[in-house]
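Working notes, beginning with the structure itself.
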């Protein structure tokens, strides 16, 4: 190639390379990548897990997006480029398996959680059973049962207590469990139903009651690798199931699988 | 379930009509003021009117919660004095829709009024009308096309509100789930046929709005 | 013997605009009866003076007496508001209400004069004026479909229907072709005479001034100068 042609090509090449870089956002790093879609309830523990994973797999770089499990499921159905899902319930994962989006063989339950009723510190006592006795105008925040597993658990539990329908006028739904927690912290609602793990590091709220009894839900954290994603996805699931991953999850308040 | 499929339609219509009922008189009055009066803070008021048009809806939602939330300046007052809580109510949806519809209405009506020749108003005064009567019986009728366009565009914006409504009124089934919010939920839960229903309704409404607004653009009055 | 009351006795001084673009007007007008012509090129303050007489622009100092009634007297702090002065104003652009038909335009000021309930009286007075100005056949037409001459007649009928004590005409024939203007001139003169309405007519056209004016006052750079008989002043026998 003539030197003139080269001179013209270099700046063009640079521009094209930069554009390619910008669009993939993967230019800095040359090692294996893991892209994770995680339930909002994992937003505190996931950075720790990712850090530990990257240390154990030198050269690796993991990243996560958070949202309500139902919302994330929708995005993956639409083809979002994700390698592994870590959801707060079994249903969204199983639905993705049914649609052939997620690899059934890689599916693991990696942790468990508890459903709790929280309210402001110093506020009046209230339990799951006494929700209907709250003063008029006092509201209860719950995840949207259609898209948030915590909300689905709450609905099912309150239904077995025979309270769900009567509670409807007071119920305020949040788009994810983080939003539900925020409503409680802002004082917009008198009580909120979230996971026990949500209270870690939160000082202005206290647990008023824990779901118990035969019909208490058993929230599970379920991970699986996405079909067509990188093989590192399955590796990440294995890491979550390992004792190292389990230790980190336990330190954040999650129960053993 | 027919009942709860119809609810978002009725809710959206109610919210938009109420929002317009609030916004129309205030907006038209403000458009008249900005078009005809010259006062010192006029530029500042112009900017304030335009603000909700330019602010991202999530920012508007945030400000609404800041002001009207339980711990907000106005919300706290409403709660302690009247026991009224606005967040997560249909009233909140009305407020959010009113806030975003307001600048569109004012900015559509104002040029129409400015295009009304002042002489029409001067003559009407000599014929015995008071200043208010002139505004109501001459200025506004002369600008009717622009007023109609403003109302219709304001209605469209009100019924299409999403971001601020989601934050301030929430997306609570059976209470504050307007059509735009329902489309989002239906999409997220994979209920495409339900989403399609509301998409069709809102698209039809929007087409109607555009047709009306386009045929009644603020035209300069001919001699 | 009754004291003779002049139709117009006015003296107004005011400024419009500010700073470098300020324009001062000082006008002295007097008319025993008939038509007073304000004569001069455009931009010298004639229209502003009409507005001042009507009360449509504020006056710093002066007085306006029409038929002995003090519409304005700054020395005594008296000023009758515009909508109570009963002055008919026909601006240069006619300013017909585009959203009303001709009949509704002409009858616009009648509810205040005849009462809102007197629908029959208002309809018949409207009709009389339409006939008098030769536009009865246009009663249901809308302003946008009328010619310049027709619009001018509607504007005149509208101003006269409320029986004003003074009529103000701003270049009424400017937007009309030659033939139409001549016909309209005759109509205007007739109507004013028949109803004994004093009028102030603004024009820069010599023929018009002579044909219609009983008295003429020259205008130059915001100030009235000499006044007298139109023919004598404009050099025609």
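The first chain written gets the first letter, and so on, giving A, B and C; residue counts start at 1 in each chain.
Criterion: a residue touches a chain if its C-beta (ideal position, glycine included) is under 8 Å from a C-beta of that chain, and two chains touch if they have at least 3 such contacts.
Source: prediction; values computed, not measured.
Viewed as a contact network, the protein chains form an open path, each link joining two chains that touch. If each chain is reduced to the average of its C-alpha atoms, the one that sits nearest the average of all protein C-alpha atoms is B. Taking the mean of the C-alpha atoms as each chain's centre, subunit A and subunit B sit 37 Å apart. With each centre defined as the average position of its C-alpha atoms, the distance from subunit A to subunit C rounds to 80 Å. Computed centre separation for the pair subunit B/subunit C is 44 angstrom, with centres defined by C-alpha atoms.
Not a single residue position of subunit B touches two or more of the other chains.
Note for the complex: subunit A touches subunit B at residues 68, 70-71, 74, 77, 137, 139, 144, 146-147, 168, 171-175, 186-188.
Within the complex formed with subunit C, the residues of subunit B that make contact are 117, 119-120, 122-130, 138, 141-142, 144, 221-223. Those residues of subunit B lying in contact with subunit A across their complex are 65, 69-71, 83, 85, 87-88, 166, 170-174, 185, 187-190. Those residues of subunit C whose C-beta lies close enough to touch subunit B in the complex are 51, 54, 56, 82-89, 91, 93-99, 108-109, 112-113, 143-144, 151, 158-159, 162, 164.
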